[in-house]
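Following this line, the structures themselves.
Next come two complexes built around chain A: one with chain B, the other with chain C.
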Partner chain A sequence: MAKKVGVTINGKTVKVPEGTNLIDAASQAGVEIPNLCYIKGMRGIGACRLCLVEIEGGRGPVTACTTKVKDGMVVNTDTEQLREMRQFVIDLILSMHPLDCMTCTKAGVCTLQRYAYESEIKESSFSRKKFGYPPDESNPFIKRDPEYCILCARCVRVCKEQGTNVLDFMGRGVGAKVVTANDKPLHESGCTFCGSCIDACPVNAILEADRWRKGREWDYERTHSVCLLCGGACDTVISTKDNLIMKINAGGEDGSVQRYICAIGRFGYDAVASDKRVLSPLRRVNGELKETTWEEALQLLSERLTKGKASILLTGALMNEDISTLLKVAEDVIKTDRIATTVSLYADEESMKDSDTADIDSADLILLVGLNPSQWKRVHPSLDASIRRRLSRGARLVSISSEAVDIGEVADITLRGEEPGLIKQIAKSMISKGMKANKELSELTGDTDTTEETERVADLIKEAERIVIFTSPALFRSVRNLSLIKKMDIIAVPNEANARGVVLSGIKPDGKLLKEMIEGSTEVLYVFGEPPVERRPDTGFLVVQSPYMSNLAREADLVLPSTTPYESSGSIVSFTGRVKRLSRALRPYGEAKQHREILASLAKVMGKVIKEGKTDIKKALKGRSKPSPSPFEKKEGLEIDEARFMEETNSCVINSSRLLWLREAEKAVGV
Partner chain B sequence: MMEEKARPMTMKDVQAKAEEKKCPVQQSLVFIEEFLAEPMCGRCFPCSMGSYEARIRLRRIVEAQATEEDIERLQRIASNMLKASMCKKGKDTAQFISEKITMEEFRRHLNGECPDMECKSHIRFIIIPERCTMCGLCKDVCKDNAIIGEKKKPFLSGYLPFEIAQKRCTKCGECIKVCPEGAIIIEAIAVSEEKVGA
Partner chain C sequence: MERVLLKNIENPNSAEIDEYLKAGGYRNVSKAFDMRPEDIIEEVKKSGLRGRGGAGFPTGMKWGFAIADPKFPKYLICNADEGEPGTFKDRPILERNPHLLIEGMIISAYALKAEYGYIYLRAEYPKAKEILDRAIRQAYERNYLGENILGRDVRFHLTVHQGAGAYICGEETALIDSLEGKRGQPRNKPPFPVNVGAWRMPTIVNNVETLANIPYIVEIGGEAYSKIGNPECPGPKLYCVSGHVNRPGVYELPMGTTLREIIYTHAGGIRNDKELKAVIPGGVSTPVLPASMIDCRMDFVSMPKAGSMLGSAAVIVMDETVCMVKVMHRIMKFFEHESCGKCTPCREGTGWLRRILESIEKGNGRPGDIELLRDISEDMMGKTFCPLGDGAAGALRGMLKHFEYEFEEHIAGRSRCKGG
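== the complex of A and B ==
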């Protein structure tokens, strides 16, 4: 831990870690130092000069974003001189900014508006300037309007830091403009439409494309939630009005490298109100799906479940509370132990159960084993962005993979080859560098030769203080050996949001059972969510409980409308081992109900009273088994095409939202 | 082989260029224009936005459209730029301008005077009829056809001295350079108007 130093800001003394800048220190003292260009977590650039403060005994005003605290520092943020300088800058910015706050979408959350209000500036006292740059409205995601731009560079820096790197300045001074390479429209520039620039923009220069006349910011209700559309389980903030989602922003902690969501997480909500939704129970009558009531639907289901042996298939996107109710109902009411999960397609029990809890933000060395995260291919996009951001802030990266890896371009060391062998060599190198290992492990590494590169990796490991390894679940066992030599956090990265929660709730990922259900024959198949199954499996009765009319639901005998994550509440366990909570942002559409409500009603129809599930997930998280030496091998049968899996499990979301446009555009450009 | 590149303009060059002028308003304007054209990095707001605004205000003064307000704004820009700019370049620019603003000659521009006869909107070119020999050299060099008169032929009489049509004259100064008699002079507009009025 960094040493703490005392600093007095406007008469208030606080203790902050050494190396903190004055803006962050002041916010701990409850003092807000105005700024337009500072981004928490990133190095200050001192461009806007709004954060100028006076330090007692100092020569003149200094920028708070670039000044680190020193013990005993006495800082004043609000003197006559400083106020005049701030007003001067705001006055100048306003002279080149449209004064249309009355219709501006950003009104209410615009930083410039707030500072103008605080400095009591109605309109600029300087000459009006206009540059006449046209807006870029060529895509349905992000609208860029240079007229509003105040040149704070936040978007450019955020885009660069996360490695997407499509925005930059053209020109300098007041006439500068934020552009893509060759000033092309965004969709031809390599932009992934993650919208990090939207979150970064303090004014109305970069905004969601469809926000015009969709309600004022102060009319929105904000709900903290989690995106469940891939393994990333990113935090989100959902803004709603009149039971419609108006926008979704990244919700990670301010300053964290994990404050990122991809285009699917940000714009996939269109599907909630699309015609792809199932809004009432449907049953097959004479070969066609017809609307029915919940009563009838549950009656039918109860009859079928009593007659035939039930098999249950659930995805890894279900919430813990739903899973625990499901387990209870399966045991006490449906009386079946045939429960398979899509988690078994890519992970085994051990990797999901024994992964550590880790924080990318504090890692100084990251190892990627057998993973190829990519923002552009939308495979673990948030992991890719977070790692790149962490690297920009000083961490190091080693990539170990048998394939070429996109993120390798920014890695300190890239090792190509069969992963188990390479890990074995790294272990051996570590031991040869004097790091201690027990006898059993030393014997396991015994017969291998080290290379110059694995020696270098071992050096990095030796120097590092906080090591986090992200591995594909198939290699978890092998990688875990390294943690017997030096303390490090090892995380197997799954492809669905709550894969760890599914396994920790007690469902064993059984690949054989899943295969039997999909390819073999079953009496009754009860499917939860949207598994990547395109064709109806051979079954006597197919029940699909899903928010969307998936291809599988289309062929079902009974479709039960469940809620989307936006209409649900509950918790999940993210791949980094955090229990994350979702709150209900929307009232359920139509007759949709949450999985556990449906299950409780079903139990009632079948004559049992089931209380909605509580989970012991936190306790389960602590019950990790200790690592023990194991052979350096890759577990077979867990290879999937990750990009395809992502597409298939989210096909309804992608096909019934503006993301469809993106897919077509990418095809056209040939990505 | 590397091609020899023109040396980038430094702050010293900017100042030297500005000091080729005599009028403090002209000096300030040249300074700001050269500064914006090259050495300014544009990294901090007070300097990049302040210099841009200063240029607008200085041009107003040069064009004889300025009021007391323009000088006040310039003062505000200079004093804030001096304190709030990130680097020495911005501070130097602010320092240069703030020194010039306080000069008496600077303020006199508000009354339509340019004591150093450099601000074109404050001056006009006239031909002194007594000195004009109607040689026609000035008429030949005038790009704007602003000189009216007929070139004198030695064996004829009845010629009138040349005149400058003020509406067409762009005050480029070429005629002064060629006049062998020193017949063309620069006059302050404000002064000559007073004369007319008197």
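== the complex of A and C ==
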């Protein structure tokens, strides 16, 4: 922890960590210093000049965003002179900005609008200039309108910091403009349409493409939620109006490197109101799926479940509360222990259970083992972005993989080769650098040689204070050995949002069982969610409980409409070991119900009243077993094509939203 | 005074290494190598040399900061961007005496333990590029550059990097960004380049003329050097005189020579027997002085007392026929064009100042415009990100201080040169 120093702001004294800048320090004292170019968590750039403050004994006004606190500093933010200067800056900015707040989409949340309102200006003292730059409207995600741009550089900096690096300035002075390379449209510039730039822009210069006339911000209701579309489980804020989603923004804490969502998380919501939705129960009659009532549907299901032995298949995107009800119903009502999960395709029990809780925001050294995250390929996109951001803020990265890894381009050290062997060499190097290991582990590493590179990795580990290792689950056991030598957090990265929750709830990821259900034959197969199964498995009766008409649902005997995550509430355990909550942002569409409601009704039809199941996830999280020396090996049978898995488990979302356009566009430019 | 910086430049082959050696060149490299690096820095401190790039920062002090930083490698950059309008003092060194600069850089690099050097050269000096490239090649051939220089355990590699034609890239941090291949924009200070500069390593940026002084300091010693010119900021100084004088050009004179002497004794006085009206003493970002003030001495200490600055010692002389509104408009056009666009007050402020000045010059000025000009320049002063904005505001403030009546006349429609 940094030392704390005392600083007095407008007469109020607060203690803040050394190195804090004056904007952050002031906000701790409850004082807001107006700013346009500052991004919390990033170094101030002093460009807009709005945050000028006076320091007693100082020579003149200084920018708060670039000034660090010193012990005993006395700061004034609200003198007559400062108010005048701020007014001058706002006045100048207004002279280059349209004053069309009456029709502007951003009204209400535009930072410039707020400052202008607060600064006693009615009209700019200068006649307004116009550039006549055309907007970039050539994609369905993001509209960029340079006419509104106030050149604060926030979009440029967030895009750079996360490594996508699409935007930059062209020209200078009043003619400066935010552009892509060669001023091409976004979709020809390597843009991933993550929309981080939307969240960063303080004005109407970068906005969701479809926002115009979809309501002003003050008409929206905001709900904090979590995206469940991949293993990233990113925080989101969902804005709704009239029970429709109007937009989704990244919801991570301000200034956190994890404040990121990818294009799928931001724009995939189109699917909620699309014709891909299943809005009422459907049963197969004469070879065709026909609408039916919940009553009939559950009656039918109950009959089938009584007659035949049930096998249950669930994805790793189900919420904890749904899982615990499912477990209860399976045990007490359906009476089956055949429960398989898609988690077994990429992870084992140990890796999901014993992974640590980690905070990437404070890591100073990150190791990536057997993983190839990529924002462009949409494989662990938020992990890729978070790591790159963390590197931009001074952390170091070591990548260890048998394959070429995209993020290796920014790694301090890249080790290419079979991972278990390399991990072993690193362990040995650590021990040879004087880090302590027990005898057993020392013996395990006895038969290996170190290399110059693994020695360098060991040096980095030795220097580092907060180490986080992200590993593919298959290598978790090997990697965990390192934590016996030095304290570090180890996270096995799954491909679905609640994989850890599934396992912590007590479901064993049993690959053999899953295979039996998909490739063997079953009497009744009851599927929850959208597993990557394209064809109907050999089963006497197929039930699919899903929000969308997936390929599998199309071949089912009974389809039960469950709610999308946006219409659901509950919790998950993210890959970093955090329990995250989702609140219901929409009333369920049609007759869709959340999994656990459906299960409760089913139990009732089958003559049992069940209370909501409860698994104490927090307690389960704490029950991690202690690491013990294990052989350096890679667990077999957990390899999947991650990009394909992401596509398949989200095929309904992608195919019935504007993401389809993105796929086509990428094909066109040959990504 | 014996010429130091412009020594031998009448010789048509002065840029050739053999001619330079014949005149005693590169002798100070061996002398310096016999000294300890810290002793050289001590001599530079003693000499009282202040940076010739415009700000007049004490060179020895800057070097002291740089070697105090434990990080390596260190980089030495020669600022040859020479972008300030009216400035052409570095040019004769670059084109006629390149080996003096190279010698200065070798010695400086040795003192600073820098193994790599760059000359950041303005794009508009293509001839200097050729000459420097040739001179550097010759210096490599004679082993003044490269590995094991003169058989000693010293290495120094030097390259010329051409700028892309932006005034702001003369500012040292923007220069570094540009050198790194980025769009040149000033960086935050602190950290200063001496600690975090090119590729985040300690970097010493010095002006051409500053570095060209180093061999002489090594030759005669800091003590003797400090007795040249004004003892408060000593040394030989290049003054480049342009405008309405009989003999425009670059003059090497002791620091602290008066404007009067520069204009009348060396530059041959005002052309066509006209009266002197005003002088911009140090490039367009320094405030103008009226004819009545030309007895002040041209150095870093005396000029601020007269309400201006030495800047790049680009003396722009204007006779009685000149319209100050027009001059100011032209200057502001320059600043508007060259503002990098990073910070609001400079980017938008220079734009609006230019627009208001333009309308006054065209005869469309309105009452209250002078007030507005004053307010804007007041609001910009000290609040922009880098000194470029201050320069623009300061130039205008100087103009209004001494020549406000001309602006009033223009607005009132009483000016002789209305519409001019």
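Everything that follows uses one rule, which is that the second predicted complex is superposed on the first by the 671 of 671 C-alpha atoms of A that agree within 3 Å, B and C clash if a C-alpha of one lies under 4 Å from a C-alpha of the other, contacts with A are read in each partner's own complex, and residues count from 1 in each chain.
The criterion applied here is as follows: contacts are C-beta pairs under 8 Å (C-beta built on N, C-alpha and C of every residue); 3 or more make two chains touch, one makes a residue touch a chain.
Please read these numbers as outputs of a predicted model, since none were measured by experiment.
Annotation for the three-chain superposition on chain A: chain B and chain C clash.
Residue contacts after overlaying the shared chain place A:168 against chain C, while chain B stays out of touching range. When both complexes are overlaid on chain A, the residue A:81 reaches chain B alone and has no touch with chain C. In the superposition on chain A, A:61 makes contact with both chain B and chain C.
Of the two partner chains placed by superposition, chain B and chain C are both touched by A:96. Within the superposed three-chain model, A:579 lies out of touch with both chain B and chain C [touch as defined at top]. Touched by chain B in one complex and by chain C in the other are residues 45-49, 52, 60-61, 84-85, 88-89, 92-93, 95-96, 125-126, 129, 151, 172-174, 176 of chain A.
On the side of chain B, the complex with chain A involves touching residues 36, 40-46, 48-53, 56-57, 73, 76-77, 80, 83-86. On the chain C side of its complex with chain A, the touching residues are 166, 168, 183, 188, 336-345, 347-352, 355, 372, 375-376, 379, 382-385. Those residues of chain A lying in contact with chain B across their complex are 45-49, 52, 60-61, 63, 81, 84-85, 88-89, 92-93, 95-96, 125-127, 129, 151, 172-174, 176. Only residues 43-50, 52, 60-61, 66, 84-85, 88-89, 92-93, 95-96, 125-126, 129, 151, 153, 168-169, 171-176 of chain A touch chain C when the two sit together in their complex.
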